[in-house]
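For reference, the structures are reproduced in the following blocks.
After this come two complexes, each holding subunit A, first together with subunit B and then together with subunit C.
Showing the complex of A and B:
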């Protein structure tokens, strides 16, 4: 388990803890009959930290991203496969067989 | 289709293998994956693995695929004895196999014994009448015997059943071009572009066929397809850049006698932009030929 995975797990745990805190906070507000205007400041900070950690982990853990440009070197078609289903052996090269030895 | 990174990797492995470094098995796997035709190298290095019983057993079950690959490469290089031996080994291992049967018929083809090969293929077709590879071999045989019209007939019948086979459409287009039946070739390329619209090589080939047929509308369409090739390759296709310059000058020549209303409305900057892009590329890659290019482009614009 490399660093990205561990940080991703920590990020998800922080986010779920923030969610749980918000639910508890709303329960407290119901008791004191106040309006829910937004989660408290420490929960917001926790959310931001959790967001940063999870995003970093999501970008580093899966590994190398593939290119989506159609003209990048990985995606650019330089040549089509030589049609080997229609390959004929009747070409001029048959007059020059190579010197080979086989022992099987 | 072979991408640029795969091509560089292939060339690198080829150099490594030719100069005595290791990596023979990776090279053979890459050739098999990319379906390129490198028969001499495959034969030489495949045999070097097969001749050595230690390396042979190190391959495990891939040994038989290697035998098949070397057999086909041997047939391409006309080393029929090697091919015969490989097929014998495969026959001993897989006695009733259709795949080995196909290889045997292929060997008959390589020897030039067309009737026997024909008979062998018909027997194989009886067991499996919808075998694509065997139908394609019949087309190849007709082509090898120098009967392109028969090859076209077989290929058309094949395409009525298997319409989605790109290789077959490409082969049909090439046969039509070799017989100078350009309109039919244009139709085949249209089918290819419909099925794989993001492949710039088909756009390029279609544009070239349209340019060859000639005529005002075809030249305008050819220029559009050259432009789409440039779009898809990000400007890296020198051939398409040249195509645009030539189309522009051909259209200008054709429309000299016409009225002003028929004049070519599409971007007049296209030709000059293509010319500047070409000069930039030549300056980068072949500065010695830049003068030649500039004079050629100047004569195109004047004509």
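Showing the complex of A and C:
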């Protein structure tokens, strides 16, 4: 999580630097009285780099995807310290044929 | 809300069940990613100076790239993390549009007008 956050911050900083460069460029254009057709080339490069970094950070920072299958290894429904007080085993289920394999 | 809810009528049969809590967490992850990228796309559109329809086209391009990125993050197998592909691809499109327009106008004003 930390690396994604740092890369996101760097991406935002690069974008704001690109914005500041564009503001200065527009000031320069006002002095020379030309039209603004687009930001200069180095600003475009900075924007692309900033966008790539932010995109990478946006995909990794919010967190991993968790599996939704109930029988994958990280989705154990039984965890001993949580509900061992409420588990009883002396119920009618003892009459079922034992075909469920338990994971320990 | 600590345990996972199983939606199954019969434990012994093979009706597909899934953990609702993990599904909601995954959807939240997608929503966060899309919102953040909508804001970034808005700032970018404002700095470059898009006006009118070009800006919206830019937003849809960024959202498509986001969808591809999310599919890659899920490993191209949505069955492991979601109940249908549509959630990965089309979930946060219109919600992000509002944020995009907000930051687009904000950045455009900052850079080009002020």
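By our rule, the second predicted complex is superposed on the first by the 63 of 104 C-alpha atoms of A that agree within 3 Å, B and C clash if a C-alpha of one lies under 4 Å from a C-alpha of the other, contacts with A are read in each partner's own complex, and residues count from 1 in each chain.
In this section, a residue touches a chain if its C-beta (ideal position, glycine included) is under 8 Å from a C-beta of that chain, and two chains touch if they have at least 3 such contacts.
This structure is a prediction, so every number in the text was calculated from the model and none was measured.
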First, second, both or neither for A:38, with subunit B first and subunit C second: second
Subunit B versus subunit C as contact partner of A:13, first or second or both or neither: neither
First (subunit B), second (subunit C), both or neither touched by A:66: second
Touching partner for A:55 - first (subunit B), second (subunit C), both, neither: second
Contacts of A:86 with subunit B and subunit C, given as first, second, both or neither: first
First, second, both or neither for A:3, with subunit B first and subunit C second: neither
Which of subunit B and subunit C A:29 touches, first, second, both or neither: neither
First (subunit B), second (subunit C), both or neither touched by A:94: first
Contacts on subunit A seen with subunit B and repeated with subunit C across the two complexes: 69-70, 75, 77, 82
Footprint of subunit C on subunit A - complex, ascending: 8, 11-12, 15, 18-19, 22-23, 26, 36, 38-39, 43-44, 47, 50-51, 54-55, 58-59, 61-70, 75, 77, 82
Of subunit A, residues touching subunit B in the complex: 69-71, 73-90, 93-98, 100-104
Of all residues in subunit B, those that touch subunit A in their complex: 1-5, 7-8, 34-37, 40, 43-44, 47, 50-51, 72, 75-79, 81-82, 85, 89, 109-110, 112, 132-133, 136-137, 139-141, 143-144, 167, 170-171, 198-201, 232-236
Residues on subunit C engaged by subunit A in the complex (per definition of touch): 2-4, 6, 17-19, 22-23, 25-26, 28-29, 32-33, 36-37, 40, 43-44, 46-49, 65-66, 69-70, 73-74, 80-83, 107, 110-112
